[in-house]
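Each in structure tokens, the structures are laid out below.
Both of the next two complexes hold chain A, though its partner changes from chain B to chain C.
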Partner chain A sequence: MPRPATRTKAVDHLMSDITAIDPEKIKVILATDCGSTTTKAILIQFVDGAYRQTHRGEAPTTVEKPFADVTMGVINSVTEIGELAGRRLVGDDGRIISPATETEGCDIYISTSSAGGGLQMMVAGVIAEMTAASAKRAALGAGSIVMDVIAANDGRRPHDQIQRIRDLRPDMILISGGTDGGTTDKVVQIAELVAPAKPQPRFGSDYEMPIIYAGNKDARDAVSSVFDEGGFDLQIVDNLRPVLERENLSPARDKIHDIFLEHVMAQAPGYDKLMGWTGAPIMPTPGAVGDILQTVARLQGINVVGVDIGGATTDVFSVFDETFNRTVSANLGMSYSISNVCAEATMPNVLRWVPFDMDERELRNHVKNKMIRPTTIPQTKEALMFEQAVAREALRLAYKQHKEFATTLKGVQQQRTVGDTFSQETGGMTIVNNMKLDLLVASGGVLSHAPRMHQTAMLLIDAFEPEGVTMLAKDSIFMMPHLGVLASVHPKAAEQVFDRDCLIYLGTCVCAKGSPKPGKLCFKYELSGSLTDSGEIAGGELKLIEMGMDDRAKIILTPARGIDLGAGPGKRVEKEVRGGTVGLILDGRGRSLSLPEDRATCQATVQGWLDSLDVYAEEKEAVAV
Partner chain B sequence: MAKAYTPGLLVTRHKTHRVMRRLPISGEVKVSVGDTVTADDIVAETSLPGDVNPINLSNQMSLPPKDVVECMLKKEGDPVALDEPIAQTKGIFGMFKTTVNSRYAGTIETVSPVTGQVIVRGAPLPVQVKAYVGGRVVSVRENEGCEIEADVAYVQGIFGVGGETHGRITMACQSHDQEVTPDLITADMQGTVIIGGARMTVEAIEKAREVGAAAIISGGIDDQDLKTLLGYDLGVAITGREELGITVIVTEGFGEIAMAERTFSMLAAHVGNEASVNGATQIRAGVMRPEIIIPLASIPADDADQQFEEGQLEIGRTLRVIRDPWFGMIGEVSGLPSAPHVLGSGSKARVLEVKFPSGETAIVPRANVELIEE
Partner chain C sequence: MKTVLTLLLVVASAAWTTHSFAADITLAPPTHVSAEDVPNDIGTQVLIKWHASPDEENAGTRSLDGYAIYRKIAQTSEGLESIGEAGADASELGFPANFDFEDTQPIGSVSYGRTKFVDENVEAGNSYLYAVAATGPGGTYSPISVASSPVTAEMQWFNGGKFWFLIITAVISFVIIAFVVIAKKGGEIRVRKIAGLEAVSEAVGRATEMGKPVLFVPGILDINDIQTVAGITVLSNVAKTSARYDAKLRVPTARSLVMTTARETVEAAYLGEGRPDAYNENDIYYLTDEQFGYTAGVQGVMVRERPAACFYMGAFYAESLILAETANSIGSIQIAGTAMPSQLPFFVAACDYTLIGEEFFAASAYLSNDPEQLGSLKGQDIGKIMAAGLLVVGCVLATIAVTSESRTAQIAELYIKDNILGADGLVPNADKVAQIDAELDAQAQQPHAGGGGGS
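Then we have the complex of A and B:
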């Protein structure tokens, strides 16, 4: 029988602990993120009237055999912090010491996890573009990897759909479909595909496959009876698309988190112990990153895009006008999936970013060797430049997928006036608008560990093609997951650390939208404040103006005819810009960015761009990898 | 002495190896603890529930879903043959009846009054698990599977395609750095595990498949050749389920790269012996590498080379550089500086000094080497 949509005892217990926490008394916070390969720990302390991240440590994750206990990696990373901080954090009993005293322990310990491949889900809905898309949004927003989306109109025959469900081994399944009072038989038909397929959960043969039903409330009884036979743990929550015009994703997302904690995590080795240590529910890593970005966007009233490019996958998060979206590009990454990036983007598209000749056959072998030995690092400048060329394409493709997914709701009837006659806009338009983007945050090895921050900035600009005035930043040590969980127990501490220690501001970029003529005026600029300067940017030109971390300036931009810098084509813009480790970047290359087709011309053009930003200059202080 | 941990691929003349043989779902285990098995012996078997086939009777009979139940000629649980009538409308005055025959053979599993859909479950699918490696059964998990133990020579490859197979070892190449070409593959290699040297060409692999070889193993393969062999460009290294008719294992990497001399000579020492091989590779968390397992009739004398701790990077250890500009070269650790070093790429990383057989030395990031484990 289905269980009512209430929180379980384990979650209730943790939630009551959270409400019992007095933020004023929390002075030492310990946070870990248990990744697939590395467990990263940070220590946050109340120093001179503010919360600051003070120390960090890391150790290999120990969820796989022969260790098969995630807490060993946690203790190792925490011990490293303890040694660095001169503070005893692990007691003789092998547990984290809490509460804190002057010299030892912490007031609260929190954690996120993506070990063991993270949370993997299958979602289903009636119409692929409507309820199934909403279900996918709910699952992704909760931090899950969506293995497949089953819909009545997905083009597959029923027995193919059933076979697919059988082949997958998700951690849980989310079923939606129908608005409240709408179709019931189509929703039940979806349930009838899932029930006989009897999908096996990934972990543990003795636990029942959790099914969350978040569809038409009138179909609840019929759906329940389909799953009556057993082998399933059906849980019912409010419809995630009660009417076509509105999504209600929170109940489904909360339920996903509960089940993640109660079932999935409990099956992974050592997590039962870890859950007993934490002062707040363990969150899936990407879910926590989404939470902190939403918190920051809300508090500062800005639009944010965040990207985390890993070895296997690339996550893109966006908050535009308070609407949050997350996508996971499952096979776009820089090591395990590097070969797939080259296959999807095609080698000529990768090589257009490389300003010298490379043998394609040799490169293909290099790419495959990186795929089978994913932990290697580029030793030569040429190898680094090639890897960063691949990264540009991986990010470009991931952002393209994100824009296609982050849309206004499809299926909504729109009233049109005579004025709309020539407008083809319908539901389902992307809400990602680069001109309205205020802050672009980068994380993931290839971006965070680039030897020069100029490389990170250039990668972001080339791949995301921001328009108008946009701030660029990187997550210094991938701290966003920790801060996402912290935001749920102590938002003030999370915000302070995010602003002061998490983000490293690279600077601001000013990018012209339109098709400027090469060598002709693209826009004029005039700076006043910490910096005084003025000049002109020609079509195709890139210019870097040094502006330090603490520098702020007013910029007046006067675009040429047809060029848009935020106020419309040819219209003057006045904004405040801040500096950073790179500075102020003025980009007159136009949007969308196009590179010459002729290989020699393309190489010369790209070399010119790299030189103008000093992207690969020698630097005394290299970044440790 | 400075020490650091670096993983490597295992190549050993002797280890006591265990393999777990497990059914996908509960079933019957056919062996007992203490039994001796060969690679082909079936150790466990079960039946998977048959395929599920939905038939939408409501649409086919143009009836509301709730009326479908009354029209059924078969009940839930009844067996049904292919083309056998399963439902019939009442017609008009007993005439103009519409009959629906089953498009599938199996058992009627459900009849839904909500959707008018009937689910026909096909016959159970038998699943048999073979021993894969000859040895002794050392443990049995009831209804689940068993564990087999054997003293073996063992080689971990870096990448492979194709699943489990076995056969006698034959040599195609005379040295570890000889390329495998089609002329080296002969008809008498049918059913064998062919050992090559350096890069194997796609023509050689296809010839091996033609003669019916079980597997082919060599130092390297060109990515373009792999693409030709598979018929698609491999995006992520998750393999083992390809149905190529042959298992292919690469011991070193992609490109023109020779098999490590020790690996080659060890395999050559077992010509004529039975080997179990599996090309399945998963490069993700919980990495899985392809393997070559050679059960031993007798345990070799202690290996004098075994003087280092597993995974420990120490002066004198043999390693392979796994990234350009020295990709594929084998040398010895000659220095382990503790301070990070600025690389040509501009990154700062921990490095080691490696001495190649030519006497030349190089500074290489520790992340870019792989120990050759013995």
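Then we have the complex of A and C:
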């Protein structure tokens, strides 16, 4: 029988703990993120009237055999922090000391986890672009990897769908479909595909496959009867699309978190112990990153895009007008998936970012070596430039996928007037608007560990093509997951640490939208404040103005005719810009960014851009080895 | 007394004699009669020209009504000599000196003041001799004035006057063929997004999610109307999507032939999607030919079945707003397409998406993605751009010609109007150019009004 949409005892216990915590009394916070290979711990303390990240520690994750206990890695990383901070954090009993005193322990310990591949889900809905898309949004927003989306119109025959469900081994399945009072038959048909397939959970043979039903409320009984035969743990929550005009994702997301804790985490070695230590529910790492970005966007009233490029996948998060979206590009990454990036983007597209000739055969060998030896790092400047060219394409493709996914709802009735005669827009338009983007945050090895910050900034600008005035930042030590969980306990502390310690501001970029003519005026600028300067940017020109981390300046931008810098084509813009480790970047290349077709001209153009920003300047820190 | 009687007889005799001769010859004949073959025709026309009779100058006081035109066949295309229609002697090729006006019917007549006549009733290859006589009231005639030589009507294979039409047709045809070839070779033919057609799957999807049917209204005209045909094309796509999504499709029709066509279209669509089992011909039914009876019937369907998606594709009149407002009140997504300009504002205001005129007719190519149709669509667009460009250039030139009295602008305007769009061929008509020059000279010679200053 299905269980009602209530929280389990374990989760209830944690939630009651959270509500019992007085944020004002929290002065020492310990947070860990248990990744697949590394467990990262940070210590946040209340210093001089503000929350600051003070120390960090790292240790190998111990979820796999021979240790098979995630807490060992946690204790190791926390011990390292304790030594660095001169504060005893682990007690004699091997547990984290809480609450804090003057010299030892912490007020709250929180954690995220992506160990063992994170949370993997399969979702289903009636129409791929409607309820199934909403189900996918709910699953991704909760921090899961969506293995497949089953829908009535996905073009597959029922036996193919059943075979696919059988082949997958998700941690849980989310079924949606139908508005409240809408179709019942088709929702039951989907349930009838899942039930006979009898998918097996990834962990533990003794627990039943969790099924979350978040569809038409009129179909609940019929769906329940389909899963009556056993082998499933059916949980029913409110419809995530009660009407086509509105999404209600929170109940499904909460339930996913609950099941993640109760089932998935409980099956992973050592997590039952870890859950007993934490002061807030353990969250999937990507879900926590999404939460902190949402919190910051809400508190600061800004639109944010975040990207985390890993070896196998690239996560893109966006918050536009308080609407959160996350996508996981499963085949776009810098090591395991680098081959796929080159195949999908095509080698000419990758090489257009490289300002010199490279032997394609050698490059292919380099790509394959990177794939089978993912920890390899570039040994030469040329190899670094090539790798960053691949990163540009991986990020560009991931962002393109994100834009296609982050859309307005489909199937919604439109309200028109006669004035709309020649301007009818369809539903499902992307909500990602680069002109409205305020902050672009980068994380992931190739971005965070680039030898020069200028390279990170250039990668972001080339791949994401921000428009207007956009701030660029990178996550210094991949602290966002920790802060995501912290945001659920202490939003103020999370925001303060995010702003002061998590992000390293690279600077601000001012990018012209339109098609400026090469060499002709693109826009004029006038700076006042910490920095006084004025000048003109020509079409195709990139200019870097040094601006320190603490510098703030007012910038007045006067675009040429047809060029948009945020207020409309040709209209004057006045904004405040902040500096960073790179400075203020003025980009007159136009949008969308296009490179010359001719290889020699393209190389010369790219070299010019790289020189403008001093991207690969020879300096002592040089290439990491 | 005898002298008086004799005098009366003489006067009476003179009066009769005068009258008798006045019936035949009292007016001066036209002069310089000539005939020429009308160029650029199929050989059925001859142009006859003459100089006006001197009496025409006194037309207000003298009795000149107009001119009568006479014709004789000089030689047939087979080389045979003919007696002609003038009723003259068979052996005589020309007009006799004692031409009998009473027995001969003219082939045409024109009023005074005119000096041209087009004989549109000739046969290609025959030679004709023409004569013109001035006519007055009471059956008076001038002596006939005969053309100096016969004229042979000839057919031209090419209408040189429409040479520009040939060029434009050739260019558009070339463009269409080029785009078709490009499309067939896999080249990208970009057609801008048409929101109404993009939204078809969205509308059917909505109906599926809501468990409600899709309603398709193919207009109220019969299948011989091009809008109904275009609507049926869209129906095919809607039916395919409905079959794929397993949504119910209802098609009430106002004409029996439309019903039959719609049934075949929908059945083929379901078959194409591998869902022949889902097709039910009773879902496509005939209501009535009566406009408002049909409207009431469709409204009834809307209110009872509450379809989640309504399509209106075809010709609509007053029922457009009634249907659209009813469906709007039940919360349907509505997509309309029509080429009826008077109904478009209603559909735009009440529906979610509206295909306007050309968009509606382009739907077939857009939806099928067929290279030939797409290429043709693109080629037609180029033609429209050319036409629009010509329109703009013509307007600009006409404005300049009027405001600046520029000879170049006036000649250019004349060229667009009479050569490109008219029938004057590639070279501007010398007479018209001369007329423009004359007018400009006349304007130049006129003293400028109000230009002088007092001394």
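The rule is short, and it goes like this: the second predicted complex is superposed on the first by the 617 of 625 C-alpha atoms of A that agree within 3 Å, B and C clash if a C-alpha of one lies under 4 Å from a C-alpha of the other, contacts with A are read in each partner's own complex, and residues count from 1 in each chain.
By our rule, a residue touches a chain if its C-beta (ideal position, glycine included) is under 8 Å from a C-beta of that chain, and two chains touch if they have at least 3 such contacts.
A quick note: this is a predicted structure, and the numbers were derived from the prediction, not measured.
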item	value
Partner chain in contact with A:K381 - chain B first, chain C second, else both or neither	first
Touched partner set for A:Y616, first chain B, second chain C, both or neither	first
Touching partner for A:P451 - first (chain B), second (chain C), both, neither	first
Partner chain(s) touched by A:K410 [first = chain B, second = chain C, both, neither]	second
Touching partner for A:G178 - first (chain B), second (chain C), both, neither	second
Superposition-derived comparison: chain B or chain C, residues of chain A touched	B
Partner chain in contact with A:N153 - chain B first, chain C second, else both or neither	second
Touching partner for A:E362 - first (chain B), second (chain C), both, neither	first
Chain B versus chain C as contact partner of A:E129, first or second or both or neither	second
Touching both chain B and chain C, residues of chain A	184-185
Residues on chain B engaged by chain A in the complex (per definition of touch)	25, 49, 51-54, 65, 109-110, 112, 114-117, 119, 121, 158-159, 222-224, 226, 233-237, 253-255, 281, 283-286, 322-325, 327, 340, 342-349, 364-365, 367-368, 370
Complex contact set, residues of chain C against chain A	193, 195-196, 198-199, 201-203, 205-206, 208-212, 244-246, 331-333, 344-345, 348-354, 356
Touching residues on chain A, where the partner in the complex is chain B	36-37, 61, 63-64, 115-117, 158-159, 162-163, 166, 184-185, 188-189, 192-193, 196-198, 200, 222, 226, 312, 331, 336-337, 339-340, 343-344, 361-362, 364-381, 383-384, 449, 451-452, 616, 618-619, 622-625
Residue ranges of chain A touching chain C (in the complex, touch as defined)	126-127, 129-131, 152-153, 177-179, 181-186, 241, 244, 410-411, 413-414, 416-418, 420-421, 424-428
